[in-house]
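Single-structure report; data block below.
In order of appearance the chains are A, B, C and D, and numbering begins at 1 in each one.
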Amino acid sequence: MSLETHELRKAFGGVTALDGATVSFHEGKVNALIGPNGSGKTTYFNCVTGMIRPDSGRVTYRGRDLTGKAPHRIARAGLGRTFQLCRTFPRMTALENVLAAVPQGGLRSAKAKGDIERAMSWLTRLGIEHLAESEARDMSWGQQKLLELAGVLMAEPETVLLDEPAGGVNPALLDRIGALIRELNAEGRTFVIVEHNMDLVMSISDHIVVFDRGRPIAEGPPSVIRSDERVLGAYLGV
Amino acid sequence: MPNASRKIVAVGAIVVLAAGILVFPSLAPNPYILSSGVLVLNYAVLATSWNFVGGFTGYISLGHGALAGLGGYATGLLATKAGMPSFAALALAGLLVAALAVPLGMAALRVRGASFVIVSIALVLILLLVFQSWASFTGGSRGLVVPRPFDLTRPEHHRVFYFLFAGLLGVALLVWWLLDRSRFGLGLKSIREDEDKAEALGTPTFTYKLIVFVVSAGFTALAGGLYALWFGDLDPVFQFSILTGSYVVLMALLGGVRNLFGPVVGALIVGSALEYFKVEYGDTPLHLVATGLLLALVVIFMPDGILPAIGDLFRRFDRTRRSSIREVTAAELRDQRKAAV
Amino acid sequence: MLVLQSIVLGLLLGGLYALLAAGLTLYFGIMRVVMIAHSAFLILAAYLAWWMHDRFGLDPLLSMVVTVPLFFAAGVALQRLLLTRLRPATLTMMSVLLTFAIALGVEGLLGYAFTGTQRRIQLGYGSASLELFGARIAVVKLIAFVLAAVALTSLYVLMKRTRFGWALRATIQHRDAARLLGIDTERVAGYGFGIGLATAAIGGTALSLDTTIYPSLHWHWIGPLMAIIVVGGLGSVPGAAAAAMVLGMAQSLLQIPMGTTWAQTVFYVALFATLAFRPQGFFGGRLAQRF
Amino acid sequence: MPINHFRSTAAALGSATILALTGCSGDGSGGGENTSDPIVVGISLPLTGDFSEPGKGVQEGYEAWAKVVNDKGGLLGRQVELKILDDQSNADRVVADYEQLIGKDQVDLVVGPFSTRLVVPSARVAEEYDMLFVEPAGAAKEVFEQGFKNLFYAAPAVANDHYNHLAEHILALPPDQRPKTAAYAAMDDPFAQGTAYGLKEKLEAGGVKTVVNEVYPPNTTDFSGIAAKVAAAKADVLVGGSQYQDGVNLIVALQQLGYQPKLAAFSTAPTNPEFAKAIGNKTEGILSPTGYSQDAPYESNKEFVEKFKAQFGKEPEEDQANGYTTGQVVAAAVTAVGCAEQGECQKKLVDWLHSNKVDTVVGPLSWDATGKPQGAHMIQQWVGNDIKIVLPSDVKEAEFVYPKPAW
């Protein structure tokens, strides 16, 4: 067990977004978090990564308590994340976008040779090395999604949280992203993915957690989830 | 454009700018023009100092006028009350204001945008109150007379301070340039682009913002202190004026906050314009309207400033570069469409 | 005796602060805009009241027939024509500069039109007063307070009891969600701005009854008002009203031991304390430290 | 990569700036010694901003003086030409203005701006360019503590001495009539505060107890708090160190609270023509020091009042008289020494003023080494519907009324 949450709660005004979410994700696996719209998946991500402070409950990673820690500390603890609607640094070049993930280095040049080589190797691996000198805002949606992923990977996280990696990308790119996740997982990285595209979820996940109304209602391998009636009920609104 | 020739152009630009600034005093036909030059340089230093926060992190401070005023008063008080030599007082004033910027920054930067601006404006207003009311220490509305550091005639006095300001400007630009190319600077710029994202990537955004705010405050205070030594008379109403801060913001934005020389160019334009309109049209409150109008136009139509706007213009002519980006994007789009069918 | 007098004065002052801060916090709630020009419009309204009194002998209260609708329209126009042109990513920062620019423009034009001379409406009942438990209440101050109280109550009823108020609150709380509920948030935001600016018109009239006005007076008001909306919790209208009453009272009482000038610092001390210890504000502010 | 486009723009801007700044310098009015050239007098005044109202008054005074002089054939046979710049009530500007007037425009003479806050910085410019500096407004004692050698204040008394006649009169009252307590409220401004504190010092020394001592910032508009304190203390004497509007506001706030002092004195405000209307005509008995009276018997005054009315269609007030007096002082020196240009001449003008007495519309003026005038102000009081001189007794137009009737 790597990333765990215990009784996580969060309400916005009168609306309960998380209602006692107790979840564990498996180390070294591709974990998926699914559920209907508004079931609290993104709020859950935000609580785990420190963007939002939960009202109560605990977040632990490899036994370390991360509840309420600042986002950058959680990132340093080895948890990297992407955002629901892909977020890059629009007026920085692709290369700079990736280099921005290099942990602190004070006044040392931002363009040290070693860092550039590493950043370029990530860009190359994601197939966008030819855009290294373009600003992110000039790139297409799919390219930006890849760029965001490259930035996250540059920070060398052990666990990667992806918020809708397939959102708005075309099928060809979707296959590439799916394959990439499996590949990176094979190298030892743990993944937690929030995703609506069931084909992708079912094809790449080892373990699936289903959310409804702010708490998990089912979990297990794809084969089990596929036939779980509660999941079906949640999606159909029964 | 290949890297080497780009470098040559950049160096050339710096040489031309530096030469222009250094040669100005010998071209100035009378002491009045020279003193205007000192004022413009003072603005250039202030705008460049402001740009440490504004340019790198995107946090817009309207309160830098207050930091300059604080630097001025600190210098003046250290020189008169503590009897320190003028330039020792100036250096210590810079450090003191930088130290004061730590708690200020902690209150202002913990929260995002809106509160930062509110605090920056509040800073001007509260310091005005304090420096007016605490007359036994600051001289209050009677003002504070700062002793002249050199025994010179007035034109010579202007000339010496012109070069002192030019030197300070050089140092501020150098430090800005150093930060710009550093990892620290890249972290700051990522805060400007998307603070949440930067933090999620592991950048300790609060610490970064605080550090750069302190650096900015230090330079601003030095500019304010040097101004105090040059000008000689401090009055709270003029030292803690919200207008100073807004002129500085206008200069930096107009020139372009992402560019090393943006604020300097902005200061040259706005500073000279202020003097020029003053001389030509002087006596109406319309200068406020003009400042407001210019600020609004820049904010709405040219938020990146003049230098980038000119840059874009050139880029439009620079076909090869432009189209290379387009092609890739278009090709990608075509692929996507094909795949989607 | 002096304390009682100060409490009465504090209450009267707090009422005006509350009305003005309500407008200021409304803009912030709707669009995350810190409207620096709010107090400039306040002074503009006061000038219009003075001018109509001076020129046509109209009672300042009557000037609201003109200024309130005019300011409402100006508010809608400001939001629809100017603020929506700014990039959403930098909206908060750039809107500060834009409204700052507007404030400069208003100040400059007032100076141009009416010169920098301090102006004051001379009313027949200007120095009349009532006595209440040994404290004296100037009639003009009482009128100003009643004006503020009525306006604030109307605003409250509008926000709580009407369909538009419901849409406005929904827009403030969660713009995207409000849009999903079928609310035309753009239009609501425009009207919200209109209402905010209308409060400045009413406040300006109240102000003109009993104080001197001059073009740069707005700087005198914007500081305390901004402090109030932070202390009250950015975006919370009831919070702003509560903070206004508390701080107005504190200022009035602190004048006794500290004198007028130092008493003004209470706003800024409260501002810094709030940001340092409780950035979400003290009176039920809901927008946490994001802003 | 915007940097490579920078070169051309920066260079262009740089040279454009230099050209713009130098280009407009060729047209200075020039200060030749040719007798047909006018004598150019450089002045910076606050025509906009906080001090714009008195600033315009002083401007009228200067203009009236120039017209009177020119109608008589000018100074040394040369016409007088005023070059007036607006300093926006701002110290940065006022210094830049005098830099411009002396350095660029090469004016022959400079005279002072309005408000103590602006006099000190501008006097320093004149001092460092060795120019004579006669000024109409720097009345606070700080002005004379800066070590200026070229400065002269063209009015009868500095702020702290304005109430000297009143203090003498109060302290000379029989002990049972003499007031016991006094309240002071002064604007945080060297001039306004100086007047109130000058009186405070003297009354305290004479045994009148200070019960309230309040200072308020220049742009205060809400006086209810200060008024509440003054009213609660029930002081016998009320002294307001005021300019115009703050004095009005304070009086109205006090009236709202029903406070009735036995004696109320305010600087500046009560002499303003709008004053009575502004406080609802409840003026009876209010006192004010003044350095100028339209009815004063001095020789040049009659001419001034007459010509001023003809030129501006209204009576001159103190601000106008101050400007006019300044002109008279400069003219006296120029006429006596026989020169008016930058350089050696200025020193001669300074020396002459230090050792001579000048007759003006406010009476004969002479100065000590710091440029401080040696006199006191008259005290005026609202009697009936007019303000009249009551002290000193040798020039009085009406009897001093004490205690003051209720307002």
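Assume contacts are C-beta pairs under 8 Å (C-beta built on N, C-alpha and C of every residue); 3 or more make two chains touch, one makes a residue touch a chain.
Every value quoted in this text rests on a predicted model; they were computed, and no experiment measured them.
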Worksheet entry | Set of chains whose contacts include both chain D and chain C | B
Practice prompt. With contacts defined as at the top, give the pair, A-B or B-D, that has more of them.
Written response: B-D
Worksheet item: Going by the average position of its CA atoms, which chain sits the greatest distance from chain A?
Response: D
Worksheet item: Between chain A and chain B, what's the gap in Å when you average each chain's C-alpha atoms?
Response: 39
Practice prompt. For chain B and chain D, let me know how many angstrom lie between their CA-based centres, rounded off.
Written response: 38
Fill in: Between chain C and chain A, distance of the C-alpha-averaged centres to the nearest whole Å
44
Discussion item. Just the number, please: Cα centre separation of chain B and chain C in whole Å.
Written reply: 32
Item to complete: Check each residue of chain D and list the ones that touch at least two other chains.
Response: 48-49, 188, 215, 217
Discussion item. For chain A, give me the residues that contact two or more of the other chains.
Written reply: 90
Worksheet, complete the sentence: In chain C, the residues touching two or more other chains are 111, 116, 259, 261
Practice prompt. Could you pull out which chain B residues touch chain D in their complex?
Written response: 1, 6, 9-10, 12-13, 16-17, 20-21, 24, 27-33, 35-37, 39-40, 129, 132-133, 135, 140-143, 145, 153-155, 157, 231-233, 235, 237-238, 256, 258-261, 265, 268-269, 272, 275-276, 278-280, 282-285, 287, 306-308, 310-311, 314
Fill in: Complex contacts: residues of chain D adjacent to chain C
48-50, 52-53, 89, 188, 214-217, 219-222, 224-226, 228-229, 231-232, 244-246, 248-249, 252-253, 255-258, 277-280, 282
Fill in: Sites on chain B touched by chain A in the complex
178-179, 181-187, 189-190, 193-194, 196-206, 258, 325, 328-329, 332-333, 335-336, 339-340
Worksheet, complete the sentence: chain C residues touching chain B in their complex are 28, 32, 34, 36, 82, 85-87, 90, 92-94, 96-98, 100-105, 107-112, 116, 215, 219, 222-223, 226-227, 230, 234, 259, 261-262, 264-265, 267-268, 271-272, 275-276, 279, 289-291
Item to complete: Could you please specify the touching residues of chain D with respect to chain B in the complex?
Response: 1-7, 9-11, 13-15, 17-18, 20-22, 24-25, 47-49, 85-86, 88, 90-93, 95-96, 99-100, 102-104, 117, 120-121, 124-125, 128-129, 140, 142, 146, 188-190, 193, 215, 217-218
